[in-house]
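Each of the two complexes below includes chain A, the first together with chain B, the second together with chain C.
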Partner chain A sequence: MADTYDAIVVGGGHNGLTCAAYLARAGRKVLVLERRPILGGATVSEQIYPGFTFSSCSYVVSLLRPRIIRDLELSKHGLEILPLDWTLSPFEDGESLLRGPDPEMNRRNIARFSPRDAERYPRFGQAMGELSRLIKPIIEMPTPEPSKLDLGTILSVLRLARRFRGLDEDAIAAQLKMLTMSAVDFLGEWFESDRVIAPMSVSGIIGTFLGVRSPGTAYVLLHHYMGEIDGAFRAWGLQKGGTGQVALAIARSARAHGAEIRTDSPVASILMQGDEARGVVLENGDELRARVVISAADPRRTFLGLVGEERLEEGFAKQIKRFKLRGSSGKVNLALDSLPEFGGYPADSPVLRGGDITIAPSVDYLERAYDDAKYGRFSRRPCMDCVIPSLTDPSVAPPGKHVMSVFVQYAPYHLKEGPADWENQREAFGDAVIDTLEQFAPGLKNRILHRHVLTPWDLEQTYGLTEGNIFHGELSLEQLAFMRPAAGWARYRTPIRKLWFCGSGAHPGGGIMATPGQLCAETLLRSRTV
Partner chain B sequence: MKDAIIIGAGHNGLVAGLQLAKAGRSVTILERAGDVGGLCAASTLHPGYRVPGLLHDCSGVRHDVAHALGLARFGLVFEPQPTPVLAAHSQHRGALLHADARASHAELEALQRGDGDAYVAWRGFLTRIQGFVARVMNQPPPAIRPRSLAEAWGLARTVLGLRRLGKADMLELMRVAPMSAADWLEESFADPLLAAALAAPAVTGAFLGPRGAGTAANVLLYECARGPEVRGGPAALCEALRSAFEAAGGRIQLEAEVSEILVERGAVAGVRLAQGSTLDAPLVVATCDPRRALLELLGPGLLPLSVEEQVDCVRMRGTTAKVNLALDGRLVFRDRDGERHARAVVADHVDDIERAFDAAKYRRCSEQPHLDVSVPSVADASLAPEGKDVVSILAHFAPHDREGGWDEAARAAFGASVVDALERVAPGTKDRIVASEVLSPADIERRYGVSGGHIGHGEHALDQLLFMRPTRALAQYATPIRGLYLGGSGSHPGGGVTCRPGHLAAQAILGS
Partner chain C sequence: MPVKSPFHERIAPLCTSYAWKHWGGYYAVCHFGESHLPEYWAFREACGITDVTPLFKYELRGKDAARLLSRMMVRSFAKLRVGRVAYTCWCGSDGKVIDDGTVSRLDEDHFFVTAAEPSLSWISRVGRRLDVEIIDSSETVAALSLQGPTSRDVLKQCSDADMDALKFFGTTRARLDGVELRISRTGYTGDLGYELWCDASDASKVWDALMDTGRDYGIVPAGIDALDMARIEAGFIMLGVDYHSAPHVTIDARRSSPYELGLDWCVELDRDPFLGQDALREEMRRGIAWRTVGVEADWGELEELYERYGLPPGLVPAASRESIPLYSGSRFVGQVTSSVWSPLLKRQLGIASVEAPHASLGSSLRLEHTVLHERCTVAARVVEKPFFDPERKRRP
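So, the complex of A and B:
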């Protein structure tokens, strides 16, 4: 039977769609298969309750690479990012810290807690900006493979070395420290006030199974300073109409280049012939053939689920089995009748409109939240990041009403009672979130029309994220670069011939970057396999 | 006028002094205490009972150092085999972990099927990488940006050495090093006791629990450096070093506390003692911790601001307390009547160690501390009356910055939790105690003069090792002050009794 397609992409999230779009743009005949009735994977917006559009999982956009936006003409296809400029961090005693684009305001606000920190704050921003400029080329190219000394590796190492040549040792040492320090220790070298350190440290733990005192979290802080929207250095933004519109824009671009995209088409397994992938078998039994198959699912689901352990070489199977995917976060989406004050700021304040609200009142508070998770409980008093998209984008809620997205950490997939016990603990988890929020936004509870609680168990069951890990695998040092998802297989090929891999479980990892999808497509095209 | 002054007669000070003396320099070591040894100095706990110093593990001293210093002539003897470590358990007899994994195979298989094999495989990996890791730790730290051909060659050799491990071991080493000890060990072993026991070195000298990322590196470094103990322990080591140093013409001045390092025109000129007198020397090696040496003993404004800021950022939060016990009888572990064990670690599960650490984050002491137990009277019967034991315990976690401070009541309360923890794995111990002493990190700071009461002169964390120890600018032992060197545990390769920092500092001085 002749191959119907050049490539079949399994999974219609942002990476699968990006990979398909790049292949289609290069003239290849591509089919994307999505299990759910809607596209986007975890980059999705849904009307769980009529009239209210929730960006159920991913809720902010920052890392989407500018080159991808240009290559795929995403602005033409509906990408429109509204910047988030402010971060409000309320404390338990009613005080709060507001940071934003106005340096003078930042200085004033921080000086209330420490004049020394206020003076250092702009220098810190500059230093982080410089560091992130160095890291960026690393996440924009396929990773070097130290175990293979081929021309590609030598060239990429030389390219990197050139970047580092002009640097003094202090800058190199600073890089290494970033990679290995904890967010709190790193920030502690700059700042003295707990009220400055705690809110700033939060971006170091998002999506990780680590606490703010755990080494390795300093590096994640950098991502906050790496965000780019339209090439401008800006941290975070909201997609107009909901995060799902990002995936839909990529899908429109892919379709415009001729890609075929099917929803409601769950793939049961990879169709194998000998040791070669020849296509996929759908859950309804249909077989679809292609010259290559590309999986955008996470590594565990791809290799142990779709391929099957019996087809894997033992060493590789072992690596995939021990690849850590422990989900640590949950999401509570709220439909609100009206808005309460937040940390002393009225609902119509521009602060809330253009920003996020971080519940991280102290380092000890964050560590206690983490301690709960370490021993298999959700945080009784969790760390949270809230945005109210309806303030910037009224299209996502009925007139006068609001949606609020609450990202919650920690919610460990592995509860002490086992992950399935989330079915029993889901509402208690939701209550812990609301009760904690009520303290910082009195009156919130009475304004809730609907509450949609997503636990890591739900992220797995509904969105197919194994163990509810939003990054398809922890972003810990030993799971980055040439180790992602397995040593020797970090450049989008897999041990199964004609099976490629383009999800967030590949270098450079998770977040709405779309780089794994792009780099996989480019590597595949260069290999002349299709 | 001396050629060189060494601040501190701990093992590193003695090693540095000895090496300089052997090279013909006229050397004086200044020690604030009444005896040599520093953290290794033994003391009498109770009539008839001698306890080792703060540190009781000499397994990191390797033959090549002892040989280079000619210590055999001064009575230094190594035990024939590394000391096995008892993984003690609160409910059963635990397991005895030998460095030669085959000797533990049957016992571990009985504990949990498959763990005997797993332990053999785990040790096998360590044995294969040991040569490489030891070489990296025994040399001056690699320069990130080589300035000379020799430095470039050193760096290239390190990279080649890594590649020579072969693809599988190289990748495994790179994968494991940044991991948490708990993740690595739980992935390797089915029985929680094994993971708990082998995780002990992960938290020694670190402000981290075994679930902290990068703690696997501490386990790797400890295990790769580990060999047979020095007979007689740290005190015997220091005694041999002292004799060798004096035989080489060196002079030791006891009860001579240095209050200031004197500098003239950017070069070191000598030191001032607390009594007020000054000693001149063009070379000073400070083996005290870097914070004390550079921020307290050195006058303000002498170091470049950036160096001073870096030193100020060196993390050295002490979390170790020392508990010494004199027993009226033997220390007998649960279901191990009649057996003698010189080393034991006490934790049933890595989560027990992690919970013990959690308290330190909130400036509290662990309710159920994690114990690293040494029974020196097993190897050296002269340390206690016949038929009796003396016990030395390094207990974690007792934070230096304990909320409410360290008063007598706090010390007694922590001592009681340590004894309770020991009682759980060695029932009946409590009733045999005839004398005890508890040293909190605050006591350690006072008695030994180490900042933060940190026994390793700086936390063992990935960002404070190799060319970042103690800071990048100071990693090659020299300081911006001409003639002033660092040579203590705050320098590469770090804390514990290895004698390497002093050895490498002396090499750096003699080579320049």
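So, the complex of A and C:
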């Protein structure tokens, strides 16, 4: 039977779609297969409650690379990212810290807790920006493979090394610390006030099963500083109409280049012929053939699910089994009749309009939240990041009403009672979130029209994120760059011939960055396999 | 010294930035808050409300009103239907543009004209010996611009006008919180939007009603800085920035014909006589020397350029009115007169005047760009204008 397609992409999330768009743009005949009735994977917006558009999973955009936006003409296809400039951090005693684009305001606000921290704050931002700029090329190119020292690898390592040449010792030390320290220790080298450190340390634990005092979390902090909008680092935004519109914009671009995209088409397995991938078998039994198959699913699902352990070499299978997914977060989406005050700021304050609200009142609070998770319980008083997109983008809710997105950590996939027990604990988890929020935003509870609680179990069952891990694998050091998803297989090829890999479980990792999809497509095209 | 607009009482307490500028003899807000960007985003995602009272406004009444306008403007007004608005410009007998604005036909013999600069004496001169009464309503009529995707919903909620029937470039009378006013579906943002014209004494009432209803629709008071970004994305030229009023300048090189400004589409050349007709005919015969075009800088080159200095691309999401030279090879062939980094489109855009041979779509040019005091150039291309043209702008 002849190949019908040059490439079949399994999974219509933002990476699968990006990969398809780049291949289609290069003139290849591409088919994308999405299991769900809607595209986007975890980059999705849904009307769970009539009139309210929830960005169910991923809710902010930051890492989407500018080059991808331009290459795929995403602005033309509906990408519109509204900036999020403020961060409000309420504390338990009713005080709050507001940080935003105005340096004078930041200085005044931080100085209430520590005048020294207030002065160091802009310097910290500058230092992080500098580190981000150094690292930027690493996340924009396929990772070098130390095990395969070919000329290309050597050249790319030299190019990278050139950027670090001439750095002073302090900068190099900062770099090393960044890679090894905990978020709290790293921040502690800069700041003294717990009220400054605690809210800032949260970025270090997002999506990991670690606490703010766990080593290695400083790097995750940097990962969140790398968000770049218009050449400015540490920039976050909201997509108009909900995060799902990002995936739809990429899909429109892919279709405009001739890609075929099918929803409601779950793939059961990779169709193998000998040791070579020849296509896919759908759950309905249909067989589709292509010259290459590219999986955008997470590593565990791809290799142990779609391929099957029996077809994998033992060492590789072991690596994939050990790859840490262990989801640690949940999501609560709220439809609100009106808005309460947050941390003393009225609902119509411009602060809430273009910002997020971080519930991280102290380092101890965050550690206690982690303690719960360590022993297989969701945090009774969790760390949260809230955004109210309807304030800047009224199109996502009826007039005067609002949607609020609450990212919640910790919600460990592995409950003491086992992951399936999330079915019994879902509402109690939702209650813990709302009760905690009520303390910082009195009156919130009575304004809730609908509550949509997503546990890591739901993230797995509904959105296909194994163990509910939002990054397709923790962003811990041993799972990054040439180790992602497995040593020796970080350049989008897999041990299965003609099977490629383009999800967030590939270098450079998760978040709505789309780089894995782009780099996979570019590497594939360069390899002349298709 | 500028004076306060009729909306000043409402606007002043909201202007926490204290950033004011002079516009047409009035105080106008540059940006209300710390940054103009939330105001810009309101134009694109919700709705922004801007005081545009400083526009100069004239009413023409009488049986010869249409004839006067047809004689003065580059287009004819004989056939403009009642309830319709037309954009136009006007020239002196040298065929060079004096000003541009909109003309609304409120009744068979009743027109309303907006202009960027005082125009009473010019209109009166053209109207000599015609049966027209010319009223300067610049100070008696207050004007608000309500622009953005939710602007229609706001007006639906707080006015009695049939907003679904009001087409792009249409105008209608309406009542808003008991106030009689006029709404036109026009604006300077290239988005869905409206301009409201009311009696100056009703200004506060209209402002309050709009702000009150607008709260549920994300309304944001917006200043001139945000408006300037939006108008560049929309590809609209501005008097005093992208061109100069012919009588105000002393050398011909600084004067522009409607063709040079890209306003070919509103010139009706073969009709009854109008000011500048002969000169424009002659220009058509001779060939048009300059063109106003859209220009986009090449992002890759910009990024590389900044990288050479060890800097991230320092592009500012704000409108610039600085004129920037354009080259073909090493030869100067024109200038960008307005430019902006569009955060919406992710493109560095400019409105430029270039020599006609370099004006076709896709033409390659070099654009001057200063990094760390050093003047460099980057690749730029002539691209289609408007840069931003959402379907909702025209949609019924």
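Heads up, the rule we're going with is that the second predicted complex is superposed on the first by the 524 of 530 C-alpha atoms of A that agree within 3 Å, B and C clash if a C-alpha of one lies under 4 Å from a C-alpha of the other, contacts with A are read in each partner's own complex, and residues count from 1 in each chain.
Keep in mind that, in the parts below, a contact is a pair of C-beta atoms (placed from the backbone, for glycine too) under 8 Å apart; a residue touches a chain by one contact, two chains touch by 3 or more.
All values derive from a computational prediction rather than experimental measurement.
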| item | value |
| --- | --- |
| Which superposed partner A:255 touches (first chain B, second chain C, both, neither) | neither |
| Touched partner set for A:311, first chain B, second chain C, both or neither | neither |
| Contacts of A:120 with chain B and chain C, given as first, second, both or neither | neither |
| Touched partner set for A:350, first chain B, second chain C, both or neither | second |
| Partner chain(s) touched by A:414 [first = chain B, second = chain C, both, neither] | neither |
| Which of chain B and chain C A:107 touches, first, second, both or neither | neither |
| Doubly contacted residues of chain A, that is, touched by chain B and again by chain C | none |
| Chain A-facing residues of chain B, complex | 144-145, 163, 167-168, 170-171, 174-179, 183, 187, 208, 211-214, 306, 313, 315, 351, 354-355, 358, 361-362, 461-463, 467-468, 472 |
| Partner chain A, residues of chain C touching it in the complex | 33-35, 37-38, 41, 44-46, 149-150, 153, 157, 215-218, 299, 303, 306, 312-315, 317, 341, 343-347 |
| Chain A to chain B touching residues, read off their complex | 146-147, 168-170, 172-173, 176-177, 180-181, 185, 188-189, 210, 213-216, 315, 322, 324, 364, 367, 371, 374-375, 476-478, 483, 487-488 |
| Residues of chain A touching chain C in the complex | 66, 69-70, 75, 80-83, 85, 100-102, 105, 129, 133, 229-233, 240, 348, 350, 353-354, 391-395, 399-400 |
